[in-house]
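Please find the structures below.
Next come two complexes built around chain A: one with chain B, the other with chain C.
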Partner chain A sequence: MMERTSRISLRPMMTPFNVMLGIILAIGCVLTVLRFTGGLSVVTNLDDNNPWGIWIGFDLLCGVALAAGGYTTSAACYIFGLKRYHSAVRPAILTAFLGYALVVFALHYDVGRPWRLPFPIFWQQGTTSLLFEVGLCVFLYLTVLFIEFTPAAFEWLGFSKLREKILKLTILLTIFGVVLSTLHQSSLGALYTIVPSKLHPLWYSGYLPVYFFISSMFAGLSMVIFEGSLAHKYLHHKMDETHLRESEGVVLGFGKAASFIMAGYVAIKVIGLAVDNSWHYLFTGYGAWFLLELIGFVALPSFVYAIGVREKNIRLIQRTALWSVLGIVLNRFNISLIAFNWQLPTSERYFPSWMEIGVSLFIVAIGIVVYRFITANMPILYEHPDYRSEH
Partner chain B sequence: MDTIFYSLQEFMTFSKGITYLIMGAILILMPLYWLFLTDRDEKKETY
Partner chain C sequence: MGISRRKFLGWFGGLSATAATAATSAIAGSNHHFKGHPDTMGVLHDINRCIGCRKCEEACNTVNELPKPEKPFDDLSVLDQKRRTHADVYTVVNQFQQGKEKVHVKKQCNHCMEPACASACFVKAFKKMPNGSVVYDESVCVGCRYCMIACPFNIPAYDYDSVLSPKVTKCTLCHPRVQKGLLPGCVEACPKEALIYGNRKELIKIARKRINKHPDQYIDHIYGEHEMGGTSWLYISGTPFSEIGMREDLGVKSAPELTSGPLSAVPIVVGLWPVLLTGVYAISKRKDKVAEEEKAEAVKAAENVAEEHLKNQIAKLKLEATKEKEAAIKKEVTKALEEAAKEAEKKAEAKAAEAAPEKKEDE
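Let's look at the complex of A and B:
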């Protein structure tokens, strides 16, 4: 009887997607053991020429950029007073919190010796290093995101007094979030200003910090739209009336903002080309790749966003959000991998091993599992019945 | 575009000149793009 019951309850979970997640998680556990027992050389193709691979290019750079929805959404709602986006705040904060937590988790694979993680903050600060600035900001911002996320957990656990105390800090936390995000999003770009001879001139610019910060804004907005469309498809039953009613306005408003910021981003990229007089590189192979990124994955999505907003075509905006997210991933890959060490012969160029890709997928899979657990249990996509209309 | 420069002064004059022209174009194009983006919005009474 016991066996029968457990078989019945497990059946709905055995979907192809869940099975795939399970396989990725199992392989990821094996790769984790290999990485921490055998070192980097066992699982990666990294070498002295290419010390940073996809664990930095994808897990860290893309993770941080795509988690920018947290600060953009909370700033829109609490600082600019756009309360009509309130229902998007909690999902965005959750995505940002998980994104940053997984960035720190992924960093362990690259850096190793996890027990020394607090050293740069508490023991030996390298105050002249950009990496220290990034580390400090990520440490502080992850703490801020955790505190911003706790009201949902407290509502779930029934800790109403603690929840009230945290809610009083909302504005302060939002301001902290915006300041810290401005600092480290741009610093991640600034990291690459120390490699002018390694990064292709079309991607290298003194304005890299500005590019990273501006692109993080539309990355975050696009990610909120994209994640919202997924939530609508797969977690529709979890959403309450307010969330469903406000979602169209969120898509239209964020689509409009993303479109305009992307247009501005294209403008400053062109200014960057003019300042460095890099026009002649546009007629090379790398130039074609650069134009594909800038026109195909920024200018065009910006225009399609605008069409979607004008025609109030929600479906079009949601698809464009995925397009823009892919554009951000392509941009970060170009800077950290494809246009990096561009002068080296092909034999010395970096290509990730399948185990590096496996670890990255493992980290994404962890994120999906935790997101699903939290949205299934905590009031993220709906308002808790005990605390309705308090904001 | 592959101009030869014999001094930093020449390079700066050329690249800044082009940059200012582009910035002028952006100053015109960005408000136009904003109008394109928002001209179908419902008009708000602001008085």
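Let's look at the complex of A and C:
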């Protein structure tokens, strides 16, 4: 009897996607062993001129930006009082929590001595460093996100008293989360304010921290929409009536907000060009690439978002969300990799090894697996029947 | 929660205080300008005198007990390739063809007056010593390599091959030797006095004197006097620096000046954001409450109106009903009377005369 049920439950798991996931996880485990037995030089293409590769450019910079849905959604619902987005909060908090946890996990691969990662916080604080600010805020925010996530776990486990206590902290945690997010999202950009001589002038700006913060907002909003569309496709059966009823409003509202913020972002980027008088660089190869990023991956999606909202075209908004997410990835790659060290000859530039890409995919795959486990077991996409009547 | 929040604020209080007292004040209203430690030492590299013999490289390798390279130091063919510092190479001499002449330039850590690496390190592994050396403490280094990103001269190198104890490496200006009263290894080994160790202020005077004495042989610029806020290593040359691998577009702002703006914004955000956000929260909550109250009131008013209306309706209906009833009774009574009259007329059927009043009672 037992054998039969297990066989039945195994079959639907062998989808092509899951097989791929399994392969990535298996390769990732091998790469992990290689990294921690052979050192960075065995798995990465990093060198003395290019000390940061995609583990920083993608795993850290994109990871943090795309996990911004946590603070944007909870701020919209709890601080701005937009209760109609309530059902979007839990999935957003979960993604943010997983996102940040994976960022920290990924850093263990990148830094030379990961067991010393707590040093800057507990041992000797390098307070003049923006990286210290990033580290401290990410550490604190990960804690905040963990606490914000626990009610779902407590409902699952049946700890209703603990859950109640945590829920009382909601506003405090949300405000704390927004403060911390403002600080570290912007500080990730500010990391590069120290290198005017290495980052291409079109991307270097005194406004880098502002750019990173503002772009994290629409990154987060777009990610919530994009992720929602995936969840609808694959986890529809897990959603309750409230979630399904509210989801369209979330897509329309978030799409509208993203459209506005992106338009503002384009404006401040242009202001940045004017302040530094970098117009003439626009007519170079890097200029074309810069315009592709700014117009092709910010201005245009902003416009298409607006059309989607006006015509109430949910599909269009969802596709634009993916487009905007790619725009964020492009922007972070440009700053950390493509426009960085732009003056070095091609032979001294960096390109990631397949093993670096493998580790990044491995980390994303872990995120997907954990997300699926949690949404399958805990009340994320639906309200727990015991606590339904509460708000 | 309360504790971690307080701690957090405390940390940032500390942060702003450090930013204010460190070499460069966080923008604030100060016009204070840090000119470096008063007796900071340095090295003057007269590029015109360098012959590219690599003796300095050899000395550096020896005094720092670094592994010997594949090609020996007297093999000058390595000069054909442009090189940089690496994990086991703290200094290199590069060769540049200038017309028929060959120009040689030594490259190593410049020991900035306000070092980018020290400013960027989140665990304070780098320190600018009063004697000019920028030294590194391996025992706290996490290996994030932000120092390498930050260094405008691309000097710090990393031990990518090491699994358990990778470290950042760079020239220490022979800090241990200097403390013993010895000269830096490279300076001691230089056969042409292309390197002079001394008080930085004196070195600038010497450099200026040489430039003034031989304006035809030197460019009128002391490289390192102001670059990136000034460096302990100084260079004079007859060839434009940008043609011999030394960037002239670095600017004169020190690294801490570049980041002081964003850093100074941190305490302000910590101070203002909670106020702003709590305000927004209070406004939205108040709005909800007012809306709720107004709704309740409107509902009540509507209820009242409806009730009144209903009452009127009922009264009206009642009235109508009574009227109708009365009319019906009247009608029935008349009918009954008429029938009774008819009955009476039919005296012949007197036996059934009892039925009529019974019927009347029913109604």
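Everything below uses one rule, namely that the second predicted complex is superposed on the first by the 381 of 391 C-alpha atoms of A that agree within 3 Å, B and C clash if a C-alpha of one lies under 4 Å from a C-alpha of the other, contacts with A are read in each partner's own complex, and residues count from 1 in each chain.
Here, contacts are C-beta pairs under 8 Å (C-beta built on N, C-alpha and C of every residue); 3 or more make two chains touch, one makes a residue touch a chain.
Computed from a prediction, not measured in an experiment: that's the story for all the values here.
Looking at the shared chain after the overlay, A:T284 reaches neither chain B nor chain C.
Of the two partners chain B and chain C, more chain A residues are in touch with C. In the superposition on chain A, contact of A:D47 is made with chain C only, not with chain B.
In the overlay built on the shared chain, the residue A:S160 is in contact with neither chain B nor chain C. Contact with chain B, but none with chain C, is seen for A:V275 once the two complexes are overlaid on the shared chain. Looking at the shared chain after the overlay, A:A306 reaches chain B, while chain C stays out of its contact range.
Contact residues of chain A toward chain B in the complex are 256, 259-260, 263-264, 267, 270-271, 274-277, 279-280, 306, 309-311.
Within the complex formed with chain A, the chain B residues making contact are 1-3, 11, 14-16, 18-19, 22-23, 26, 29-30, 33-34, 36-40. On chain C, the positions that touch chain A within their shared complex are 1, 4-5, 8, 11, 14-15, 18-19, 22, 84-87, 116, 118-125, 140-146, 148-150, 152, 154, 156-167, 247, 249-251, 255-256, 258-259, 261-263, 265-266, 269-270, 273-274, 277-278, 280-281, 284-285, 287-288.
Of all the residues in chain A, the ones that touch chain C in their complex are 36-41, 44, 46-49, 51-52, 75, 78-81, 110-114, 116-117, 119-120, 123-133, 135-136, 140, 143, 147, 169, 171-173, 175-176, 178-179, 182-183, 186-187, 190-191, 193-198, 206, 208-209.
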